[in-house]
Amino acid sequence: MNLNDAIQECWSKIDEGQVATYIPALAKVDPYQLGVYLFDITNDKKVEAGASQVRFAIESVSKVITLLYAIERLGLSAVEEQVGTRQTGFPFDTILNMEITKETHPLNAFINSGAILISSLIEEQDGLSPFDQILEFSRKICNDPDITLNEEIYQSELRTGDMNRSLAYYLKAKGVLTNDVTLSLDTYFKQCSMMVTCQSLANLGAVLANDGIAPWNNERIISSEAATYTKSVMMTTGLYNESGTYSVKIGVPTKSGVGGGLVSAAPNHYGIGIFSPALDHAGNSVAGLALLELISKKLKLDIFRY
Amino acid sequence: MNLNDAIQECWSKIDEGQVATYIPALAKVDPYQLGVYLFDITNDKKVEAGASQVRFAIESVSKVITLLYAIERLGLSAVEEQVGTRQTGFPFDTILNMEITKETHPLNAFINSGAILISSLIEEQDGLSPFDQILEFSRKICNDPDITLNEEIYQSELRTGDMNRSLAYYLKAKGVLTNDVTLSLDTYFKQCSMMVTCQSLANLGAVLANDGIAPWNNERIISSEAATYTKSVMMTTGLYNESGTYSVKIGVPTKSGVGGGLVSAAPNHYGIGIFSPALDHAGNSVAGLALLELISKKLKLDIFRY
Amino acid sequence: MNLNDAIQECWSKIDEGQVATYIPALAKVDPYQLGVYLFDITNDKKVEAGASQVRFAIESVSKVITLLYAIERLGLSAVEEQVGTRQTGFPFDTILNMEITKETHPLNAFINSGAILISSLIEEQDGLSPFDQILEFSRKICNDPDITLNEEIYQSELRTGDMNRSLAYYLKAKGVLTNDVTLSLDTYFKQCSMMVTCQSLANLGAVLANDGIAPWNNERIISSEAATYTKSVMMTTGLYNESGTYSVKIGVPTKSGVGGGLVSAAPNHYGIGIFSPALDHAGNSVAGLALLELISKKLKLDIFRY
Amino acid sequence: MNLNDAIQECWSKIDEGQVATYIPALAKVDPYQLGVYLFDITNDKKVEAGASQVRFAIESVSKVITLLYAIERLGLSAVEEQVGTRQTGFPFDTILNMEITKETHPLNAFINSGAILISSLIEEQDGLSPFDQILEFSRKICNDPDITLNEEIYQSELRTGDMNRSLAYYLKAKGVLTNDVTLSLDTYFKQCSMMVTCQSLANLGAVLANDGIAPWNNERIISSEAATYTKSVMMTTGLYNESGTYSVKIGVPTKSGVGGGLVSAAPNHYGIGIFSPALDHAGNSVAGLALLELISKKLKLDIFRY
């Protein structure tokens, strides 16, 4: 498939969305950007088009990385004790479901309460703060040493993070989050403020698609079970409240962020990174998902069909 | 793999569950049964073991068949206007989520409200009642002319169906269910009362796995998109409130019923029918799911990994 | 106070509301009506003004009468086992709160689920159907032999009663409503379709205000504890979801109906009946409540102050 | 009535409850205490019995005082814009109802979210912190210059206040709480930690019962409308989730605290202070409510009857 044609085909979708406005640093991003990076792990071929090298805020896509890092550090079963693998039926930042069902733990790792809890599990090690470890791990799994913290975005997240504070104190009050709330939130705000490219995310997707092994050096970065677990959770809860919609339309494990990024992992085939900052009502990149749907169809990636 | 060994390995799981007790006809079923039928569509090979030819009540597995039939009759987009493809975060028989979120339509086709709505969409045709059509279609897609209505179970469902009546009148009051409530419920109660075997369900799974084409005669029974859509919905919502748990553990699109049946479709590989009537708290066959997990691992069927 | 002046003062409030539209028989009522009947039980003085003798559908005001009749028939403690005395925080026709809190019984007798349950408690007696008994009791406690069933409204209620059917089957499924659902709903629909006047409701209010004794003949119609219990429940839950708003603004136990009626009982002072069919968003008579607020202030009826 | 006999009659109720255990300072209070102070404002007569002079933590009874102070400072309409006057149907420390109904403001001033919001409205004035003003106002309206902050309880509240922090940040995130969260919570924790006696609370109740005028010096402390508003809210929401239960059983505006205190205001008759630290499941003093019910019956205080 011709990626430039595909980008052109999806370009008009940008007008259907709008950039995240809850923080100034995201609100001022130019919406008219669309980039893609495909990493074909069956033959180590990479193709890219559009804004594939533009840096943008990783936001909720970081939840994938921190989840993987927590599994590596603590083991899958320890993580499974902290968060479930179920959709909530509600927006990503509420605790409605937990309150109603008297669940003691967040329903999955990709709603905010679950992600904050996962971040809280990372303890200081060898003098490295939790975030320093996450940053280092991000650079490694994305094969991108240039990932850094965007101070402006981080400060904005701090200023506007009251709902996340509410969630964290709720978890603390319920005895679920046992570490320091302020540090846990700081780690979370920082991980959301890392700057990545389509290429970084395609590399992350490629590791997941490749059963946990980095295709660029054949080093195992995460366990096979961590990769499988995470792809499954991406499929069922990766696209906020619209995960079910896209598991039907696209059929490729994917996680989105309000910075406009998407990471996809087509098992044993492709790692995909996409960027387009205009979002739909649920917080997913509009043109990005259109492009991903097109790619999935053209490359026959829907795991429920092929 | 040796299916008899697998059955033996999972047999003790039966003791962790109990048969459905809400109707006498199910309560008196012998819990100590476990059967499996595997249909390998790559080479048309079938193997079976245990209680693979025992007839049991299809119950919620019928939701798959009626969904497929409704898509064939009305088209996928018409069905998608009636039900979503999202998990609810709540038990299968509540309308909590709809009430809270002010959703106008059931979140998916496999919770009771969604399934009743789907059943209500089937109109009388050529003198055949909705259920007569569903029965005929069941016999065809399961390649099993011996599927019949179990009158005792049907009468029991009628007697104990007040929560389903509540759901149906709720949908009627909201203007969502527009056909006759009593007829719609009658169709629903009857479809749940059909008697099937592991072999019937394996055939159903094989059609789904084979992109909609019956492997036994190469006839297309359902469209490719119907098969893909349904496998995706089975993955995210097929196992009641525990769907997310098993999408992680098993990774094969599966639908369960409180009769103890399971149908699985491993795309382009296997159709699987399993039966064991002792259920876990969520209403899924305990030993059946253990056996399915074992089979998924041995045959490398997890679509998030292989 | 001059009641005609008071009516004139509140007349313009009619434009802020609109008549109930869910059934044709109510939708065609002329909104420009406002009537009041005051029964001063301290000196047996009655005054009336405006549409005080117009007949209108009693609708939810009938819940007061059926509650009182059920207490007389079964005793207060039996009724208290069936329904609570708490607000729900939700609209009158949902079961949200029960579902969320796992309450087994409706939170109060004035939400629809509670009222249907109360109606279901009345058993046939001496060849009189439950509704026949309620009608007879209504005529007695309202001192109005001309109360009859409006067949057109009753038929309309039957046709549009699906949400009430949903609630009734929900209660049946939970084992709370144990009598016949269809009969219970029929009783409920019929009691809502009785035609009353401001005078009938003022008499009802006067009995409640007078500790259960009819001021017109000094006969005790209901027990003192039934009267006290009911006035308390009217205060906390009598005005749908806005009960708290008016307990603060008016401070007199009051029950409303979507027919536009209001009954108030100022303990040891007044029984009040008001009618004006234009309703606010919560289903309460707009001009009627404005008039009641004026009367409460002028006659110093607020029980939290005087 | 003989108060000592009344205390003896209710004493055994203590065994049905238990002292609050969420903070050590409360957990170590001797449960076997029951005291009462009655202030008859019709003849300026005061009687007391039992532990009427024991100091205890005011806890949620302080919500009455801060509400009154906020009304005095800001006016009733400003306060009514911040909180409603409705029951929630849920426990006092959840935000379930707000989340479900999309309400922008807490449903009433006595659930924790509402009380924290009210506390946040008090601004520093004349160099006095919000709490300093509340303390001063408490001493005045309770006619008790010896009310002080219990540092141990305050520190405990700080340590265990995570659910309140969650509520405060939720309100902040929704744009409802606009002042500093930490200061607002500090004010709230401190107001809960004031030490009072039955006599202090009886005086508070007497001001409320006396239309806002201190009976001991005929000085108006609060407006008539503030007194009326607050008594109404006490009736509908003063006893946590059981307010409806006691509006029926007792019928006197009352507010409880988990320190075991109760303040009641029988309009134009009595101010009542009661103390007994063993609580029922809803957080209300068990023996205290039993004693209040007895007093209400003996002195004919039920405003729905007398």
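Chains: A, B, C and D, in written order; residue numbering restarts at 1 for each.
As a working rule, contacts are C-beta pairs under 8 Å (C-beta built on N, C-alpha and C of every residue); 3 or more make two chains touch, one makes a residue touch a chain.
Note that this is a predicted model, so its numbers are computed, not measured.
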{"item": "Shortest contact path, chain B to chain D, counted in steps", "value": "2"}
{"item": "Distance-maximising chain from chain A - centres being C-alpha averages", "value": "C"}
{"item": "Averaged-CA centre spacing for the pair chain D and chain C, given as whole angstrom", "value": "32"}
{"item": "Whole-Å gap separating chain A and chain D, where each centre is the average of the chain's CA atoms", "value": "47"}
{"item": "Whole-Å gap separating chain A and chain C, where each centre is the average of the chain's CA atoms", "value": "55"}
{"item": "Residues within chain D bordering two or more other chains", "value": "96, 100"}
{"item": "Chain D contact footprint on chain A (complex, rising order)", "value": "94-96, 99-100, 162-163, 165-170, 172-173, 181"}
{"item": "Complex contacts: residues of chain B adjacent to chain A", "value": "84-90, 96-97, 100-101, 107-108, 211, 224, 227-229, 231-233, 235-237, 241-245, 247-248, 251, 253, 267-268, 302-306"}
